[in-house]
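One structure is given below, encoded as structure tokens.
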């Protein structure tokens, strides 16, 4: 298949899932006739009809809760929340219903639904269209949170998410939609909860996910010129996350940085740092450092947003800190 | 008055009585400290659960609310499992994980009571969507009180159900109270007008009259199976107990409380049965049967084992072998 | 929001391991600006004025005046910046390294990282978890490891280096008879410091000694002629010896090396220390780059630094570097003087008094000669016996054919 854009890879995974499993349905705001705000669901309505591919009204709470009810009644809904910021309106469906149904009903049912949603800044979308809120969902027992960094992973992970019996929040960084990446013709579904070593290196482990993995890889290229080798781990999913792979890497490099676009405070990096400080304590030869966004809403102005977003330079500074 | 209709009413009477006896038994167990947490009883509203459910098949689905014992029992949840659950026992229908507000039984299409007001409504919308996609001619029912009328998801759900012509019956059990406040002080619209606004056929019945509820439900559900689309059924009823057990209801007028007996659906039904010349011994036999059944279920509940913490983590996510 | 940061005992030289607080110029609660004098730290060598690395307010003082603590020890805490100034960059950390020193210094001082965060009384060792684990496995005592990480933190690499450098033999405790009579005097900071440094130097540096005599008749003549020709020159015998050592070092780079933390450091310039006795004690300031200098320059530089040693105005960098020192006891009556190598150097030349003696000439007839006893103490990690002899003999050649020093 060769080079495929991130958005196209998601479209392909949806297409194949609709084709292979009649219980899969896709719905969300403007995803059917208009093909989605980023064109990700283009063509699915024409192929699979309006019974299974539907535009919804602008009713996020009901979109998500209806997906839960449908999943409890035999469907595998894949719903879209147009921007992750809008998920605030749909929290009950996710947190009180989807996440808890299996547990509080004593294992009688699973909730095989996927919620796709774009996060991230970089397009001057402002404070209510740019947030990375994934840590909220990773904090809720019962939800899974998957965040791909490239086309091939997006395809493999979305197929896995749709096949998964539990509710999965599938987060797509909107800055990635147009990015091309390699994708094999017969790419298999990937295992949720298994990290990928995106670049091996001996000196410092950098754990990341989503678009920030690419930031880490750029920093790694720069640092390699001065003889510093980063090991970049792409978590692929943050709930569950691959503790074993991170610990094994830390045991090789003895230095750990967690990089994400989300606000640093109380974020995914905090959990990883705390866990590794516990299980990996005797491997540490430097403090664990987090690199993320400052504690503020995402600013809009073209001159401000780049300063807000963590970049390769921020990571390089952190690398020098842990190597001091 | 055919003997058929008398037999039917005797059946409805017996099922209402089952719900009533369960609720009263739970009130007793609760005050004895044998039910943990808190419970919301549907005493006085039995005709709605029994009347609507009389029109449903096992494969139809319902989403209930915090006052959901009647819905669960009416939909066919096993009585022993129900008591075990509400009493927090390992053998409960949900393994003691949910309790009163989360009784569910997927095998009879009971998608769960709910601790969040209004939250069951969009779940039922999703279930109706599944029926529509699967084209199985089943319907979904959302039970909610008038307190949920002010929740946003109700309005979204009415809209989507109408837009997509979903097979969903919205049942509003209007008991006039939104928790501790009169709904008249909380909500300005009429359910009738909401139905009209969202272009959903609406019907209002006396929710304490079991025959009225059952007949209306039969007609509505048959019509839905034939013609598709959503319906709204408003059942005017009375809440006899407090919002939850232990609520002294000091916010309610004494005269109102004193008059509640006049609306008791079971008493009204019994009067109807006597008018239909039902035999005293038949009614007494029903009373005895139900009392014994409920008493036995409560004993099973008491004898249940306390749940073990060990297995809990394995049910947060679907275990791999089941996946 | 102000950020609280640590102020640590700075490392003010390659060999500094501890320092004494002699004055807190700023009190808790006082604000200061970058560059303001904050405290004075006394080392065995010199008093150092320590400047604030940035604007801030002194929060609390942990180490009081008169206390001696290892390099890297937290001396005080201070609020960095002023209220309402947030950290602009998320990964930025407040300054936490050693404070700046008030004068221009060698790169060693500017880059100084606190060497160790342990105190002699067995207080907390600051080490990474991995360093602790390795130390445990390898049997390395972290109290004896110098940390090169931030705030003197011991890292895994430091433990590995210490392990390589450490002698295999285990120390055996030797019972010491403690004096039971006599009056007990508390040593001054300076005395305690000298005692500690020299004990360490003698214990940790494997010394060996080579001695010979140099015939300095020609050297005395040439000195007389030089000073007669130019009264301002005032060349001393010691200046000539310094020049000879400088030339020898320039000729023999292998002698211009020191052993440092398991590594060999090759110096590029011929810097030579001069042992100077003053009222405040013994100092060894260094005369710079005299491998090819004229005698006039050597004399001027030496005079200048000795006078600063005597009037107490030596700067920390005056003590830095140099692989060797000249310790001249010629003004007293001594034939041979075997000296302890200064910490951080690899040799020291002990110079005795000039004595007249008869030596047989080529025909066996007695000739009156003027001779000076030389003892070269060598660090065996840098010199082997042959290397030490080569150095001493080359030096002797310069002293006996002093016209070469004029070239």
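Couple of notes before you dig in:
Going by the order they are written in, the chains are A, B and C; count residues from 1 in each one.
Keep in mind that, in the parts below, a residue touches a chain if its C-beta (ideal position, glycine included) is under 8 Å from a C-beta of that chain, and two chains touch if they have at least 3 such contacts.
Everything numeric here is computed off the predicted structure, so don't read it as measured data.
Centrality annotation: A (chain centre taken as mean Cα position, compared with the mean over all protein Cα atoms). Look at the CA centroids: the one farthest from the centroid of chain B belongs to C. Centre to centre, using the average C-alpha position, chain A and chain C are separated by 57 Å. Each chain gets a centre from the mean of its Cα atoms; for chain B and chain C, those two points are 89 Å apart. Annotation: 40 Å between the Cα-based centres of chain A and chain B. Touching chain C in their complex are the following residues of chain A: 254, 264, 281-286, 289, 291-294, 310, 314-315, 317-318, 321, 324. Residues 25, 51-52, 54, 56-57, 59, 61-62, 64-75, 77, 92-93, 96-97, 101-110, 141-142, 144, 164-166 of chain A touch chain B in their complex.
Of all the residues in chain B, the ones that touch chain A in their complex are 61, 63, 92-98, 102, 104-107, 111-112, 114-116, 119, 121-134, 140, 152-153, 156-157, 159-160, 163-164, 312, 315-318, 322-323.
Taken in their complex, chain C has these residues touching chain A: 89-93, 128-133, 149-150, 155-157.
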